[in-house]
Amino acid sequence: MSVERETDQAADQTGRTDQAEPDERLRRGQARLAEITGRSGAEVMAALGEVAPDFARYIFEFGYGDVYSRPGLELRTRMLATVAGLVCLGHAARELHVHIGSALNVGATREEVVEVIMQMALYAGFPAALDALMIAKKVFAERGLAPPEG
Amino acid sequence: MSVERETDQAADQTGRTDQAEPDERLRRGQARLAEITGRSGAEVMAALGEVAPDFARYIFEFGYGDVYSRPGLELRTRMLATVAGLVCLGHAARELHVHIGSALNVGATREEVVEVIMQMALYAGFPAALDALMIAKKVFAERGLAPPEG
Amino acid sequence: MSVERETDQAADQTGRTDQAEPDERLRRGQARLAEITGRSGAEVMAALGEVAPDFARYIFEFGYGDVYSRPGLELRTRMLATVAGLVCLGHAARELHVHIGSALNVGATREEVVEVIMQMALYAGFPAALDALMIAKKVFAERGLAPPEG
Amino acid sequence: MSVERETDQAADQTGRTDQAEPDERLRRGQARLAEITGRSGAEVMAALGEVAPDFARYIFEFGYGDVYSRPGLELRTRMLATVAGLVCLGHAARELHVHIGSALNVGATREEVVEVIMQMALYAGFPAALDALMIAKKVFAERGLAPPEG
Amino acid sequence: MSVERETDQAADQTGRTDQAEPDERLRRGQARLAEITGRSGAEVMAALGEVAPDFARYIFEFGYGDVYSRPGLELRTRMLATVAGLVCLGHAARELHVHIGSALNVGATREEVVEVIMQMALYAGFPAALDALMIAKKVFAERGLAPPEG
Amino acid sequence: MSVERETDQAADQTGRTDQAEPDERLRRGQARLAEITGRSGAEVMAALGEVAPDFARYIFEFGYGDVYSRPGLELRTRMLATVAGLVCLGHAARELHVHIGSALNVGATREEVVEVIMQMALYAGFPAALDALMIAKKVFAERGLAPPEG
């Protein structure tokens, strides 16, 4: 079952008839999600369909269709800022894994990701930065990104 | 009384004899602080001298001399990432005021700052982003930055 | 200048041409905002127009037009849950002021608001609950709500 | 070893002689805990006995005997507010698992739980809400609660 | 109106008849509060009486009568640990003001308070520590505590 | 590969030429780390070398060489304060495991650790304290520390 079909069902089951709402936001959001996260968001979306399909729809429409489709800031900087924000939240391990990957997907380097995380030790403390570096290490390994030579 | 003198005193009063430690980190940090924050960090530093002069020294040496003097990420992106992180902390109103200014100082535009803050609503929630936008508004007003035409 | 006009401008200045997007979400959201918060949200919206008019639009469209327009949970319970959540965030003083008022607006009693806040001491600690009770006290006083007799 | 016996021991070993203290709060708290959480709190309590039996006693006496035994707010709303609060804490995965179950135990529907969690995305951000939805999904599955038809 | 009388009223108005409950916890808690905080907690308690008198009673009974009356850790260390915890919460400015004073009341030195706060920069980040140092500075000034010579 | 060698490489690869910087801070920090954490920090450091060797160096130099080498507060109190702070962060499970061990290493008793954690329930809520007690239980078991008799 595709996510799109799930979200159509969601619209049905909540009894809303937003037929006038163009699917533009939804389509734009799904495309942006794919561009940014690659496949990594898809499993979460599939999982959400069972429990809260409208939440998946909000992520597509609002998260990616509205916010991440905005002009005014290049995507690479957006994703590095997101990594910084997630480090400071402290509890967002799953999101960090996804969006460290997203940052790399849209052109950030391994080094830039590490720099952003290290810098957050100043603001969120060393434990939050350390946890994030361990997640980054895992993402780098999954992608076969070699450590910088030294 | 200059901050430098305060921190010299601090070194004395803690009984440490780091004479071998070059003042390089301290000088580099103070220069970097000035470059990034302009004057806005100076009052806090002066204030710190009375209560915890070594803490001021750590900010200079570690914060700006070590972390903010690193290569590998351009300063404009560093400061936008810092703004993102501070929004997600939720409690860092004073730092947000300083570093929204810092982002502008190192070349970020008003629009980029607003984009980063708005985006954090996805991760830290609307109240944290809203508070940060109110602080940004104040910083923009202090600098006479006109809102974008519309 | 009405908020509606500001948000129209916002749409213009971001260069997006969501003309196909029905104004239904925006209108529904503004009506829901008025129903829930009374006037208390209006000043924030006006303030936002200068710095981030699209953010005001997201609050209307997504916050109130999407989320707070959902069926499945009565509004009184929604607002008491929101008060609980804001207490646990710890940093959301302004939102707490607004939404303690919102809870009263949609039928929660003074006693219910206090019970929810007190209960959060178990989860977020006494300082967060204490701060929220001080805000509640102010809201009650502004509305001339007498304390329960004893 | 029952939790009750452990907490008696705890009272002994701290040398306090609260003999005058009626066991009323303790009994009331244990009954309330059972009513609200079913069995799900019992393992944590058993585990606590080894490391901090007095903490188990405080949970019984203060948490359930005092706070959750208060009049003034129906239990169903209390538990939905607790779910909201725990989502906003961000780090309370275990408690979320227990109290999503508690909310269902005292009459909240699957749909109401999901609505409360989704709504918190506005205040605590999408990652905290997403993590909570994944926990809710697990709780629903453990109880054989079918997803709503669509 | 004394706090004690308010809390008696509170007991009445919630309809509970804890007459069997000895006032021992309440009295012990009030004495411990006075010993630890001096006068600084009294205004908050008075303020609470109007909005949530039972919450004041819980602070007395549970906070000070139970937790802060425990053996097993000297009071000076308890208060320094509390200062550390409050710095890491990030949002507890009022409590920090009270309990930096409490730490001094029970024998901690100005230097020890500053050391604990500075150390928390490692765990909660520099902004949280910096805010706490500014509060400490205010408390020291209110008490006429001279800065250490240097 | 020793951490020291990794950090030397790190200095090289970032192009900094801090040759004038004495290795004093680094050596002092590594010694202090060993004294406080025993072996428990070593694996994290080894792991860091691949992804962010400079971060390991900052932990040695700034964390242990600067902050934890300060006079003015006895080490036992420092570590109990750190445990308190980590409980209040909420997300620092790994660090709590390390530093509950550190507190025991520098002379704190099992009872003192438990007291500090329990006390934080007042400030950070019961879930954060409960999670920390479960971690403490694991550390105590790893060290064969018997529970207090009762």
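Should a chain be cited, it is by its letter among A, B, C, D, E and F, assigned in written order, with residues numbered from 1 in that chain.
Operating definition for what follows: a contact is a pair of C-beta atoms (placed from the backbone, for glycine too) under 8 Å apart; a residue touches a chain by one contact, two chains touch by 3 or more.
Just so you know, these numbers come straight off a predicted model, no measurement behind them.
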Ask   = Degrees of rotation, nearest 5, to put the Cα trace of subunit B on subunit C?
value = 120
Ask   = Pick the pair with more C-beta contacts: C-D or C-E?
value = C-D
Query = Between subunit F and subunit E, is it the same set of residue numbers doing the touching on each side, over half shared, or a different set?
reply = same
Length of the line joining the C-alpha centres of subunit A and subunit D, rounded to whole Å = 31
Key: Rounded Å distance between subunit A and subunit E, as computed from the means of their C-alpha atoms   = 41
Residues of subunit B whose C-beta touches two or more other chains = 54, 58, 62-63, 67, 70, 72, 86, 89-92, 95, 114, 118, 121-127
Key: Residue numbers on subunit A that touch subunit B, as the complex places them   = 62-63, 67-68, 70, 72-73, 77-78, 80-89, 92, 95, 111-112, 114-116, 118-124
Request  = Quick one: which bits of subunit E touch subunit D in the complex? Just the residue numbers, please.
outcome  = 14-15, 18, 20-22, 24-25, 54, 58, 62, 66-67, 70-72
Task = Sort out for me which residues of subunit B touch subunit E in the complex.
result = 9-10, 12-13, 44, 47-48, 50-55, 58-59, 63, 86, 89-92, 94-95
Key: Partner subunit D, residues of subunit F touching it in the complex   = 90-91, 114, 117-118, 121, 125-131, 133-134, 136-137, 140, 147-150
Remark   = The answer for subunit E against subunit A in the complex is residues 121-127
